[in-house]
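Sharing a structure here in structure tokens format.
As written, the chain order gives the labels A, B, C and D, with residue 1 at the start of each chain.
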Amino acid sequence: MLEISGLTIEFQDVKPPLRAVEDFSLSMEPGEIVGVVGESGSGKTMTALALLGLLKRHAKITAGTMVFKGKDLLSLTPRQWQDVRGKEISMIFQEPMTSLNPVLTIGRQMEESLRLHTNLDGKSRKARALAMMEQVGLSQPEKLYGCYPHQLSGGMRQRVMIGAALVGNPSLMVADEPTTALDVTIQAQILDLLKEMNREYKTAILFISHDLRVIQSICSRVAVMKQGQTVEAGLVADVLSAPKAEYTKKLLAAIPHRGNRLRKKRGR
Amino acid sequence: MKYLIKKICTLIITLLVISLLSFLAFQVIPGDAALSRLGTGATEQKRESLRREMGLDRPMLERYGSWLKGFLKGDMGESYTYSVPVSGLIREKLPITLAITGMAFVWMLAVSIPLGLLAGKFAGRLPDRILTVLNQLVMSVPGFFMGILITCLFGLALHWFTPGGYVSYQEGWRPFLGYLFFPSVSIALPKCAMGVKLLRSSVIGELNQDYVRTAYSRGNSQTQALFGHVLKNSLLPVLTFWALAIADIVASSVILEQVFTIPGLGTLLVQSISNRDYPVVQAVIVLVAGLTVAINFLVDVLYGVIDPRVNLR
Amino acid sequence: MEVRRVCAGYGRGRKYRRILTDVDFCLYKGEILGLVGESGCGKSTLSKTILGFVPVESGQVIHHTSRPQMVFQDPFSSLNPGKKVGWILEEPLRMQKIPAAARREKAEAMLAKVGLDKSFLNRRPGDLSGGQRQRVSIAISLIQGSRLILADEPVSALDVTIQRQIMELMLALQEELGLSYLFISHDLDVIYQMCDRVMVMQKGQVVEEGDVERIFEEPRHPYTRSLLAASLSYRL
Amino acid sequence: MVEKRNMIVGGILAAAVTVFMLVGLFYTPYDPEAMDLSMKFAPASLAHPFGCDQFGRDVLSRALQGSGVTFLVAAGTLCIGGGLGTLLGLFTGYFGGWPDEMIMRFNDLIVAFPSILLALIFISLLGPGKYNVILALGIVFIPSFARIVRSQVIVHKDMDYVKSARLMGVGHLRILFVHILPNIRRTLFSALAIGFNNAALSEAGMSYLGIGVQPPDASIGRMMSETQAYMFTAPWSVLFPGLAMILMVLGFGLLSDGWSA
């Protein structure tokens, strides 16, 4: 369904141009959840933005191809991009507060993709939006419909983001650190929701995270990135149990986990 | 609703404070009001009787009360210089100043919103650069100098209007407003420049917000994102500027009325200050202050309408 | 240090909102006590209360040793952006009227202890990476000779590899200097790796307290159980 | 990049204008009041670079003297308004509480009010003249400075570095002046540059209205109100002083932009 190969992204506003992503390759099948993991500066977010053609002006794709359902994404005109975004590929972001427009109602933002990509009238749009809100676990959707983002908690906002991203029934959703800003219990709920939506709608998810624990719980395959380069890729189980790259080993060793207490002596 | 009530309370208190302060200010004027009215040649007796007649012998708070009551009824005292009721003077001049400031405000909105959006959208590119330079220049011209330049260019050189040929509104609204066109433009120009600059930076700031990225990710075009998402957010900070600009417009109108010899409130105020005609000065000040505060109140309410978060604060 | 039945909150008069209710615990010498809970549970308020930034409504905070110091979560805002690292490090010594030469010497020595060389003295916080800043923060907290450190999410803003380095540094310093930490984190795994004892906090109250192994293996309070159930732990 | 260029251009302009004003305080090529009817409306020449006015007075000398007075007024205003306003903003912002509430409410009221009108009230009470103008404008400018400084202090006082300084045993005053103040200096400089402009413009406007600086002190505003009628016959008598004013505002404006960026 999605075939990225040799993707290279450069920042061209500095001299010499800075390579943010180098020779990135990835393929995804329909309904699959694939993870990209890396520390800050690894280029994982740039890759995600490139998939929706949302790179800032000074970041340029200098090599590689991105083919989505037979369409060459890199040759799309701005007009054609608009038809892909929200309809074929949608995206959710890390900060559910700032990623929602503060002065528009939840309802207006939920049904935006429908307004842009379908000919549905206001009434059926609202019906679809309300049904979707129900599905992403927002109780009392009628009441929330007229609310504004600041009236919702962080977890609810992320549910709204997910609902708004799925309401147009896209085949791929890019999720850029969707649970990083949330508490552990909320994080678990949102991850469950994403898995459920993935089952329900067969929407493939490209899951970007810095946290291998999250990747392990939701993804089937993973690519490990470091400073723009893919150091390792494969099935999550393989990569985590038998890492080949030095960096992956280092990363795995650094993850806090309960098999390895750093505190040897105990004080009193 | 709670927000509105709170704002109305603030408005009333503010108005009271303003009236009290301006009343007190003109109570501590150096020199005796009765003295300045009669001149130094008057006898002690005459002054005493006048003081009683003017009510200057009563306690301060009582005088404030009766002054306020009179003011609200439209009785603003009597001008020292012209010996006519102040309210009459003001009623005659008020429409002139309202017309000129109103026109200036409309020009400001009409020019700064589209240009500000344009400059913000094309930030760093040619239209923006031209606008920025132009803006910087316009902002640097002192108000009265702008008036003089415009008089010279459009009045003396191009003969599009007759400098000093003011036509009263009693003689006809069209020539009246026609004469006010250039003065109001002179007032509005620097404010336009400020407005464009502010809206531009506000739009640029909003365009960098995460929610704009979200809007694009749902398939909005640049124009759709600009008008559907960015516009409302970026107008919020500019709204505050507009409220302040009204005060500035009123202030410039005082000066520009002089440049274009228009007998409005500003001219009246300046003359009264020179003549130490305190009742007139006081009335004009309180009136302008009241108007400014009221307009600020309206802007606050408008803010509450546009920004849903306000009700929480 | 002892915290005895402390209630505290923000605001005055009618606007007062109580954040902490009857928080009661001891921190022993040389111990690392973890504090875990979700955002808004009062973790940060507790540390501010202990330091005296938030007034105590009732109960009391007793310091048996010197005044505690703090390592903050956000290394970007905890260092004055306008000053050089050396200036910041010397500021507490300046307050104690220590002569300039001795100050510089001490600052250098302290930087060495946290693994930074003396070239850092002349750099500004803006030029440092997150991990380096957090090292500087630790140096500041130690330079006054305090042996009790409150660490409010000291590793949350860092990448895992850096996070690990800072955790190891803190443990090494603890052993070398016999420090006591109150270690606040939202990450259960970090707490497990670092701490001797742990307190679980919910809505301003400590709902469960005990040795790390005990809490993780047989949690008693339902809230602790739900936290443990929700937290993703890396499994081999 | 653009900011840096603005800053350089603005700095040069502002410096040049300041030198011009300072010279005007001490030296003029001719006696600004000396009338020479033979030179009435003389255009610009080597002897009179800015030409002469309706009484044959040298426009350059008058502009120099006038801008000297303008400088004095603007600087005096900044000392009073900027100085007191900054102090007020620092203390109210840092300590907060009810005095802060009260003063800020009062500030809101005054900031919303046309500043030149406020100054006119003071003038109408104090009477016109150089020093009264300084006093009036100075008082009127306090709230705007207080507001700007306060908002910045509030941002900084909640940052962790201030708490960290408290833990180092640093006193409130030292935190305010040594730790926080240097971090808000750019905003402060920017406000001062804008304030200089506003003060100079207000002085010019008030003098233009005839209720600002009084003779024998010269003033560009009054010069222009006198020569305005001859704009067409002798444009230099108005244009040159006006141009001087524009350059000043432009210079300080660019400087302010550069600092605030």
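In the analysis below, contacts are C-beta pairs under 8 Å (C-beta built on N, C-alpha and C of every residue); 3 or more make two chains touch, one makes a residue touch a chain.
Given the structure is predicted, the values throughout are model-derived calculations rather than measurements.
The minimum number of touch steps linking chain A to chain D comes to 2. With contact taken as defined at the outset, there is no chain that touches chain C as well as chain D. On a Cα centroid basis, the chain most remote from chain B in this structure is C.
Pairs A-B and B-D differ in how many C-beta pairs touch across them, and the larger number is found at B-D. Chain A and chain B, compared by their mean Cα positions, are separated by 51 Å.
Our note on geometry: chain B versus chain D, Cα centroid distance of 21 Å, whole angstroms.
Work out the mean CA point of chain A and of chain C, and you get 32 Å between them. Looking at chain C, one finds that none of its residues touch two or more other chains.
Screening every pair of chains for touch gives A-B, A-C, B-D, C-D. Interface residues of chain B, counted against chain A in their complex, comprise 209-211, 213-222, 224, 229, 232-233, 236, 306-309, 312.
Partner chain B is touched in their complex by these residues of chain A: 52, 54, 78-79, 82-87, 90-91, 93, 95, 98-104, 112-113, 116-117, 148, 150, 161, 164-165, 168. For chain D in complex with chain B, the touching residues are 109, 111-117, 120-121, 123-126, 201, 204-205, 208-211, 221, 224-225, 228, 231-232, 235, 238, 242, 245-247, 249-250, 253-254. Contact residues of chain C toward chain A in the complex are 28-32, 38-39, 159-161, 163-164, 167-168, 171, 174-175, 178, 180, 186-190, 192-196, 216, 226-227, 229-236. By the touch criterion stated above, chain D contacts chain C in their complex at residues 159-161, 163-170, 179, 182-183.
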